[in-house]
């Protein structure tokens, strides 16, 4: 086998098709569905766009063929998800938006056949939505998963869950939640966690509020959820008892990278909006695109986009090859979250007053991408992990 | 006279009083008036807070005694406005918010006695609000004032104004606009501009829309205004015909600095919110305040705040001393706009998910301060002016 | 063909062998040859190290088999040259140091068979050294190659060269120079340039001085060279007349990337030195490696190194695939030059006073890498080219 | 007393005189004494320049009138030392170079009359030089003074000092050292330190080597010093026994600020060199000074210089007013050390290849200023102190 940085013709063709779909169908829908972009609920829009994506042959490319997809590995997802991410509505249209996409990824690997039939199949088809209930308000599970405080205690024939979760994206309207609860050990001491599939109509689970956030989710919100003596049967256990922390890793690494891919699409869009502006705008007798300070920002954006794309691909390669014990996912996540932020910020600056107005999308993008430096592990936590690994490798005489 | 970096006891006392007023009265009102903070109209809130400020003896300290103020010079305004800026509602309460504050500053210097009686007096008293109509959509007056396209042509007994303005802050509900229009020369060629006082009920002036923006103005909006054969009498001319560009400078330098002072107050508030958080929050077994990466952000904030404060004071000193031909205002404006942005961004990061939520004010602050890197001259325009001046001084063998 | 980010087993094996050679042989020689590291001439050291590299089977891997090498393409050179760059003496030992390496690259592609025999063969074998005489003092050829002022005028049976070159690396002791001279057109107007092979004993070519620089070249210096009625035969023309600018590109793109590879090796070394230090050093009761501000610097280094490596590989891929018209080389060059600088600077900071001392190599590295942000096109020139290309692509509706 | 940011006419006049002296006399000497600039010893040059400074009435302005100076307070030193710092030789000429200047400052405040007569008087007159022996190699006193390991044990009639110091600037040729040694407590536990005046001819004190460093000291070197049973009489105790840590603060705060002042002079010089270059140099058909990316660097330099100057003045004001418990010195030191570095780096970049050559002074400046981010407390230590103070103030409900 020789080194080859080209994607396969099939993947390239899918990227092209996705790109065309986004530009011809989804971006047009952005205008028509501005209220959706601005946070209103829009299940109808979702069904319509997803049908269009099915018609265009670009729907749910990440799941297996048996679920209507193309079984793309992580490397192949990179350019496809980036192309879809070019519109905030794109991932929704392709059914590759968070948290559903990450849930499908995990269910495909861990769920039993019965669970896949009931929970994965309709999710992959876009018939329902889901959510992932892990994060807790301080001092619970956040940057430090081991601080998990929600508990599940064994009862006859099942489990009883108690605890409070927050920032649960897409919870409102989700058909079920995947809830992570402590089944052994103490907060701070790691121990065992277990994942449970909790149906939305379970009376023990309730959404207590939508958290207002800087980003405007498409719909489903960032919710606070209360689990009060929430009883689930044994069949609700996803995978095995006490292996939840391990499964979370199965979900988190890939989910971090697909987040990066989608946000990279937004960065590319922001840069294209800015380029369009600097090519038109005249200031002080010059085209803005010909002024050095603008050129610096444009070039910095190009560099950031190229480096982000390269780091994502390399991390995906390691995920696909199941190379463990490296920092590539943390490196890519940290760099991409900050690079995307810089690109959107530069692009907005290049557009001046127009940039902060709602007349173009940049101020919306700025709001959407800021939290990514915090969600999925803040930059500081990833840097801490990267440094610890490097220092440890050096102590062991190994490569960092 | 000896060097003395202490403010006078009177000023220090006023700062203390303002600080107490903000913490005891205004911040309490923030909670009760959350809808105002979120952009709803709130003339009632304004009247109430301004009455409280009058009672506390901190109202309108910048205008002359004859207008109920304390006639503070720019240097004295610096700590007082910073203290008021600690709450987004503070400048409103003290009647030192943009654009009214800048308009008062200019009217006090340029308007005729009759104009002062009619336009300045009720404005200083908080009875009415005003707006300043200079900025135009591209390719009109923006970074480059000389691109001014709105025209005023002489008619019998007055002038006829035609043109379009946008990003006119506070226009909705303002009793009058100060409109800048070209009275000689061509766009791009400088020539002469004139300022006109246009009453809100003039049928030739109409607000065509509120521009949706990243920041949420308290009320009055960032508006687009249409001037269509808008006729005003000769008495509407502010100062002299064709001296508008010059007068704009009278307003702009100080207005840039008061903007900086107010935003510095927000930076200080953001840092205090973050400090409170890092002092409470435990992660990985340590107080967040004791972790090095958090300490770096905290210290960077302290440095940025100190440098911003020092640069504002030095620029104000030059304004008070009427030292012309220096870059101190551009230097302070550029540094402060970027420093405030960094401080708020760091503070938000220190608060993690909570920081992007509406539960605390940081994501609101982030939205409010971002445009300041563009409003009042984008950083790039100021840097261009600073560099040109430095290079020219070097060519002339002088000091940069 | 499928995407594959693994190098071939042969390349990986060569990287391993190179790595071992550098650590076991070359780094030991650093100590013994400190005077060489400090700039003294050391032809003897070169011969000795190159013999060792031949014995280790790692010598001149970039040239074709017929010249004793392995004919590595650009992608394969990336990890090998990085491994060699881990010591400042490494590239010398492998005969892949600038400017010889770039000259070999170009001669292998452009030179006639006779020229290859005479000029390439002994160069590839390490028997002689060479230099590349293109850069001129302002206002000549520098960032802007089209400003070329050195001229070659046709005379019977050959050419007469006149002009002045500077920053000609390795000129002192080189067996010949490849000199670029204008053969048509005017400075500023592009026109045609031609490359000439000029033997060191040509009486028309003389080294007028060694330019003292921040970096300390191993030997051969950064020289100023005078061409005064320097006559060369027609057979001295490299390739064809008037195609010099084009040939320069053949050399420059790859040469920029091999520079990046070698400096990335130094960045890796700097990080390893810092890691070793932070693992040992105790401050304020903690291991330095466990303090957050140190961890931030360590992690930033890891991120920079990973991104640099990825960007180099992607640019090399495009060079190997002869994909033209992209910015990948400029992007990689700009990012790597700045990233390497940041890594060395951070590493030095992590070592404190020791870092600025001559007791460890970091201050030497800092001096060596700083000029790379200027040599081979300053960052500003590359950013300008990147931005121009992106803006033009946007105008043409294409991809940036 | 009113706020007044103008220096007194006397100070302004002295600044003018210093400025003229530096430009007319000292900068001329730079050329003639290039070998001194390059690190060779040059006591003769010192005497000559100091005589010229005496003739110009600008010598030793910081010491009291009784020692031939003008008794400038810290605020007044700021512009004078900055003017002197415009040449690397300037502080030497005015006898305000480190470490002598800091030693004079401390001796004037702490030494007994006899000690002042013997140690301060000839030092202030420029007849002798001195050094300050505090820093120790790891794990001794460095960032953490409490780690002090050199000990002084009481013997009859005096003290016996044992320990090793390094990075002792100016030690070679100094008439005496002020040595800090532990007289009670244990390393890490603070306890008591004492300062001793140790004459150079004391047989127990020996210079073991000159440490090669990135910066090139004028002469006197950065030395390693060995104290081996070094006996000194009781009269060698500076101030009181066990109060050394406290005295070190007396020296350190002001010494940090005078360092900042001098390096700010170098930053100003670097910017002036760059401005001269960009005003002359043509690239791509424009004056370099008119290109946006160059203008950005120029403007950033102006901003950094202005902010550095303002922060120094504010910290000096607090020192003069003996306001304790603030972070102003740490804030100024951290910002200035990094700002000066950025200014020199930008200036060098603006000069391209010429910038890295020895033909102009910028690469020399780059080497000189880098260590200041480490000497006098690395940026990280200062940030740690700043953050700790801010967090503590917040916990106490106070102002940060």
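First chain written, first letter: the chains are A, B, C and D, and each begins at residue 1.
Operating definition for what follows: contacts are C-beta pairs under 8 Å (C-beta built on N, C-alpha and C of every residue); 3 or more make two chains touch, one makes a residue touch a chain.
In this text, all values refer to a predicted model and were calculated from it rather than measured experimentally.
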Checklist entry - Comparing A-B against B-D, which pair counts more contacting C-beta pairs? => result B-D
Checklist entry - Comparing centres built from CA atoms, which chain ends up most distant from chain B? => result C
Item to check | chain B-chain C separation of Cα centroids, rounded to whole Å | outcome: 52
Checklist entry - What is the distance, in whole Å, between the centres of chain A and chain B, each centre taken as the mean of its C-alpha atoms? => result 38
Next on the checklist: Can you list every residue of chain C that touches 2 or more other chains, as numbers and ranges?
Outcome noted: 291-296, 380, 383-384
Checklist entry - Of all residues in chain B, which touch chain D in the complex? => result 1-8, 11, 75-76, 271-272, 275-276, 278-279, 289, 292, 294-296, 298-303, 306-307, 310-311, 313-314, 317, 327-328, 331, 334-335, 380, 382-384, 386-388, 390-391, 394-395, 400
Checklist entry - Inside the complex, what are the residues of chain B that reach chain A? => result 135, 138-139, 142-144, 166-167, 188, 211-215, 222, 281-285, 291, 293-294, 348-349, 352-359, 363, 366-367, 370-371, 373-375, 378-380, 383-384
Checklist outcome for this item: Per the touch rule above, chain C residues touching chain B in the complex are 291-296
